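In the part that follows, the structures are each spelled out as structure tokens.
One chain, subunit A, appears in both complexes that follow, with subunit B as partner in the first and subunit C in the second.
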Partner chain A sequence: MALQLMAEKWSGEVSVVNIGATPQDKGTRSHILKIGGEKSLPCLFQEGPLPNKPQIVFEVWDILPLDWPDELTRGYKNVLGDPVKWAQMCVKEYKAQGICLRLQGAHQDFGNKSPEEEAQLVQKILESVRVPLIILGCGDEAKDNLLLPACSEAAKQERCLIGPATQDNYKTIVASVLADGHNIIAESPIDINIAKQLNVLISDMGLNLERIVMDPTIGALGYGLEYAYSIMERSRLAGLSGDKTLACPFICFVGQEAWRAKEAKVAPAEQGVIWETLTATALIQAGADLLVMRHPKAIEEVTKYVDNLFER
Partner chain B sequence: MHKFKVTFYPDNKAVEVAQDTTILSAAISCGVYIKSDCGGDGVCGRCKVILKKGKVLTQPTGIIEAQERKHNIYLACLTTVHSDLEVEVPVESRMEMHSGFQGIYSASEEVESQEAVLGGKLFKHSPLATKLYLELPRPNLNDSLSDLDRLFRGIRKAQDLPVMQTGLSNIRQLGELLRDSDWKITVTLGKRNDTVEIVLVEPGDTSNKNFGFCFDIGTTTISGQLVDLNTKKISGTRITYNKQASFGADVITRIIYARQQEGMEKLHAAVTQTMNQIIKELTLEHSVDLNDVTCIVCTGNTTMIHLLLRVDPTYIRREPYVPTANFLPVLRASEAGIIINPRGLLSCVPGVSSYVGGDATSGVLSSGLYKERDLSILIDIGTNGEIALGNRDFLVACAASAGPAFEGSGVKCGMRASGGAIQKVKIKPGDFSLEFSTIADTRPTGICGSGYIDLIAAMLTAGVMDRSGKIKAVEHKRIRKGENGKEFVVVFKEDSGSGEDIVITEADIENIKRAKAAIYSASAVLIKHMDFKISDVKKIFIAGGFGTSLDINSAIKIGLLPDLERKRFFFIGNSALAGARQMLLSAEATRVSEELARKITYFELSVDAGYMDEYMAALFFPHTDLERFSSAAGRRS
Partner chain C sequence: MGLSGLDIYKLLPKTNCRECGFATCLAFAMQLAKKAVGIDKCPYLTAEVQEKLEAQALPPIKLITVGSGDKRLEIGNETVMFRHEEKFHRPTGIGFILEDSFSDGEIKAKLEKINQLKFERVGQSLDVNLVAIRQNNGSARFIDTVRLVSVKTPLALVLMTNDTQALKGGLECLKGKNPLVYHATKENLNEVGKLAKEYKVPLVVYGEGLEQVSGLTAALASQGVNDLVIETGKKGICEKIGDLTQGRRLALKKSDRSLGYPSLVVIEQNDPYEEVQEAASYISKYAGIILMKGIQPWQVLALLTFRQNIYTDPQKPLQIESKLYPVGQVNDKSPVLITTNFSLSYYTVLGEVEASKIPAYIISVDTEGMSVLTAWAAEKFTPHKITESLNKFGIKEAVSHKQLVIPGYVAVMSGELQDASGFEIIVGPKEAAGIPAFLKNL
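Entry: the complex of A and B
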């Protein structure tokens, strides 16, 4: 007799978030990054549909990233410090499906660029590449509250993903994202309660849960990956069990965390790539929907891994 | 060592103290009570005083701002005496002590006055101490029984009592007393555990004057009631802050303080002074002779009872958290420093464990929870809240330390539920115009626990703050930046009775959020631990110093109480005090309370793996899991 597998039946499903607007939606993007929509736990294809592959986007900075090791900068020769060229290189040479623009230069310790200047940059990037765009603030709450509304307006109609919104600083960002038709990143500090509370607070302001992508805050391999894994697993279990306020897709800043690891920076070449790759694949198994990564080789490997996984 | 005189205003009380004494301890030693939530550690900032005259030394602290320093404001606990001083204690730092709260507290008093609140049969009337008038036959050559045996025989003739005993001092005076009073005497019989004792022999007939007191000794407030033991009537009630609050706001700080030099003596003196003052005031008011007060029953959490009896509470806070005693024998009140009839008795309601004390037992007793057929829960909302779950088949209880916020302490404009306290609030969405009512309809001077609950619910509904408790950043005359973050003005100073703005700060909201989270999560974990669902609970008894002014919808809206049908909720006021009164009036109630204390299973929340998760999830208005509060959440989308 054939073995009958016990399949879990889930009452909920992860919401689908569309990043990027094509001319059909009055935007100018060449395609849409569609994430979420899972009706089963990660990789359990036999239990329910997992309609959308995890997506990987390239991280691009508005300024020259100072602490990136040689191994990481090697692939971006001559474009670092010029975000427009950098983004174009990602798309042309490495076939990037999306760009994550980090506006670090707006931070007072990194050049203190004005919101207007950064908004112009966003416009330029949108003109020079046609892939969907993710816009990240500089990490200073007060500055982000000026910076992100300006960028949001500059990218109006393009349905970007903008963030981060945190529990202590979400109102201004939500208001502009709401007005300009974007999606939002809700960041919580490895805490399922705060993740949920923040989603409630954001949706209380009128932004649909279907426009929220959660950043659960991750750690790299060897640096707390298992905590992130367990929080993501708990959120996803709650989401699939019918808790709509936790049924949002995840964004994971893999590159940022992996390349902070000592092992990635100072070890023999290749180890950093492996570190970033392994962090990414582990998080995909935890349920990551959108991965922001840095090294072209690591991205290539993870893309292969995802294609392999979904080839059925 | 130099001695200096310190005078406190407006009390106009003075005391001589040695150099280097802190102003706080000088104040305590002359009966001026200054707030001090941290027990003199210099961190809570409640003990600000104004130096009018004299020289002091003070430690630097961030709590006193430069502006305040200019006005000679100091922290009483960090400032020492270095010359004769004149010190003004401002209203905010003063601990409100006495004066009549009768009537003002009427809401819960109504409930408290009821005999055995719910569930049928009353306890048989048989007070802890009874008086019996006897006319003994004179001895003669044929009836030569000794005086004492004659007395015993006389008592046995009137009542069927088994074992009797009496003290030497009674026997010493007996011969003369009997003859002087022409063999007409009144004996006071006290129940000391299983034996009956002749407490007192008095000349003549005083049997119609027999009074007792019951007390609920809370961490923050003490309530006392004078009861006529013959008629079972309550003559009067007094509620006041526990003077021990000067040594710390919670039991743990007090246990630590008890280990300091003379710490135990000070704590003991503070509680007995508070009780003696209540006794004195009530007896004076009702023209009762202290000698006619023959017994007293006390309930309270385990630490409070230890401190009352001057028993070392140290081991209550050390693992494995074992108290010195849960069941205490009936003692003489004078042994504990309580001034009633010198030979009067003192009985304490038996406790369950270190953190579920006699107040829980007496709450279960008076609520009738132990007789319920359906699953019921008793939630006693206090600084050391207790929660008991069960029915006539089983009883479990746990402690939920909520802090003093609901009793109006530890919050900026907090006060007890007494005259002038804001108890109901309505805020109009949009323009934030505000309506409120105060207890006794006097000008508002502060906000009481039920007022805070109503206020926070109203702020949520009107959109003044978000679900995490952050006040919205909108331009409005009521919203402003205060010393400690954002605050919302409830009453402007023109309309307040204190001449100052009445505000609620984000820090206050945070305090209340933690307190309500502690109560709710403890209830939820206890119910889950017993494998029930919250919806299985058929009756919810709410006890605490709220009175009937607590709005259930508001309490559910902020997530303090579970979202169940409103008709399942019952207010029982101060259930601990009601239970103590039942014990005062009935030996049967005493017996039942002993059974209950043995029967209640103590559940230690700190060892439950799910408690921390539950607590964290409850730190939101009403709760992170909005599904649990579907009727209250009122999602705006």
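Entry: the complex of A and C
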């Protein structure tokens, strides 16, 4: 008797988000990062299409990065503190497919750079590298509400991914993103209900669900990873089952979390690299679509892993 | 899942005789479906129905034990596809393959390293589980290697051979140690099945794909060999996850007995990073046992930490006892730090206090295992609850000063806590990493 397999049939699918605009779309990017579109759970190609690979982008700071251990800064000699050179190095030397620019220096405690200054930097980065760009605020809501609109305008037509928008602070950012043709990062604190509500609030302002990428807020390996893992599984299951308000792709700030772990900061060097690598691997298994990472070796390993999964 | 109450009802006599203690057969069937009563309460079942109902009361994935004594590994008895539905019960066994073509010296050296693969994280000890010996040469060398390994490690063993003579020799050396036999295939099914039965040891059933495996396990079960672990052959990660998922799904949702066993995966990967990533993929997706080659501590610590994460009960975060913990040579001048009884919070704070080399007291407030911010939001970490803990643990007797350090994230409660506790509140850093610098300047 032939074994009857039991395939899950999903009625929904994850929306596709395009990050970066090429000349065809009146932008200047060399390619588009296309994420989402899954109609099956991670790896289960037999049960439905998984048309787009998870993408990995390099994190670049506008100032000297804070609290980066030596193992992490070693790969970026002579470029830290110079975001343009840093971004160029990621693209030229490490073949980055995308850059995530963190505007930490706009924070009052870390330099208090003006929105104009940061907008100029965004422009310079867009001129110096041609990969799609993600723009992150400094984490201070009031400042981000000034900073992000300025940067959004400076990057008009380039279809960036900009954020974070949170439940308490989304209106200003959504309005700019909407006006300038970008996508938005909707951040929720490891909470599926807030994630859903925020997506609804954002789409109610007229920004399509197809332009939202969810940040579920992750923890590193050994530091609460399992909470994000299960929230992502639950929310992906809801999305695949037809809940459009949860069917957005995920962005995960892997590097930021992994390199805070105590284990990542001690010898041997491989320990930190594997901490970041495995945090990414685990989240890919939970459905991550876009991973923001730091260590070139970890990015290389995760890229190999993803290529391997999608080789068919 | 098993039969529904109505399915069971159809199998009952439907006489409503009440001898089971329930008013109707239907009521009894509903209780049976909930596994709230035993089927022995009904004296009128035919042998056939009895067998069917007994089978449905069995766990859908069989519990398998490998090894003996306190290092034995138990896998199986899983109940869900996703950890948020309940939890994953029995952490994946992790084992390392040693080739019998290695020299004795090499094997001893590797075993010494494997035996040291033990880590402590958030109050739990993380251990590896198995050593597998794989045959590459004649049976005599294999048997010698088994003997050597068995005296050099307390871990449970796996015998990897296709040679029945070597297998028999190995089993003879390991009497009472309950090793896992790898593997029965369609070529050697009867011979190896017989040995597994004779020595009462668990057996890996290897087939090219689930369908073949299912046929082989059914054949073995009919011979009374049913301490099984299944393996579906060498394939890509996605195909393997496909098999692991289908196996678990058919066992749980269709009660397919022929696949109702834990799974084993062998990882043949020489790149140490790719090896760990592949292993982690299978830990997240249902593998019962993973056999790999890499034994570097950084690889294994990452993997065991991941296994700990995935197998944590989502409804019950890891907690520690709520109490006053002295760290180092404390005296009545030592600072007092407040945190929650969520293991991760406590152990992170503990690690940093130890690193600061400044003796201090840590009070872990009972927040039902919630972290600082979550507990604060859920009102489990309030001025009132903290004051209660201070009194309960007698902090006023332990120290002569009246200062209390609270986590930076709950700075907002300072005033209220000061009033409630009578202590002067000092706001500490938001992240535990800031504790050493903070304590030095206190």
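Some observations on this one:
Quick note on the criterion: the second predicted complex is superposed on the first by the 309 of 312 C-alpha atoms of A that agree within 3 Å, B and C clash if a C-alpha of one lies under 4 Å from a C-alpha of the other, contacts with A are read in each partner's own complex, and residues count from 1 in each chain.
Everything below uses one rule, namely that a residue touches a chain if its C-beta (ideal position, glycine included) is under 8 Å from a C-beta of that chain, and two chains touch if they have at least 3 such contacts.
Here the structure is a predicted model, which is why all the values come from computation and not from measurement.
For the composite obtained by overlaying on subunit A, subunit B and subunit C can both be accommodated side by side without a clash. Contacts of A:Thr245 after superposition: subunit B is touched, whereas subunit C is not reached. In the superposed model, A:Asn169 lies in contact with neither subunit B nor subunit C. Figure note: vertex subunit A, arms to subunit B and subunit C, all at CA centres after fitting on chain A; angle 70 degrees, rounded to a multiple of 10. Once chain A of one complex is fitted onto chain A of the other, the partner contacts of A:Asn193 are limited to subunit B, with no touch recorded for subunit C. Of the two partner chains, subunit B is the only one that A:Ser203 touches; subunit C does not reach it. Counting the residues of subunit A that each partner touches, subunit B and subunit C differ, and the larger count belongs to C. Of the two partner chains, neither subunit B nor subunit C is touched by A:Thr28.
Look at A:Glu233: by the touch rule set out above, it reaches subunit C but stays clear of subunit B.
Of all Cα pairs spanning subunit B and subunit C in the superposition, the closest are 9 Å apart. Counting contacts by the rule stated earlier, no residue of subunit A appears in both its interface with subunit B and its interface with subunit C. Contact residues of subunit A toward subunit C in the complex are 2-6, 41-46, 67, 221-226, 229-230, 233-234, 237, 260, 262-263, 268, 270-271, 273-275, 277-278, 281-282, 285-286, 301-302, 304-305, 308-309, 311-312.
If you check the complex, the residues on subunit B that touch subunit A are 466-468, 470, 472-473, 616-617, 619-620, 624-627, 635-637. Interface residues of subunit C facing subunit A in the complex, by the touch rule stated above, are 82-84, 121-122, 210-211, 214, 236-238, 241-242, 245-246, 249-250, 253-254, 272-274, 276-277, 280-281, 284-285, 296, 298-299, 301-303, 305-306, 308-310, 312, 314, 344, 348, 351, 371, 431, 433. Here subunit A touches subunit B in the complex through residues 167-168, 171, 191, 193, 196-197, 200-201, 203-204, 206, 243, 245, going by the rule given at the top.
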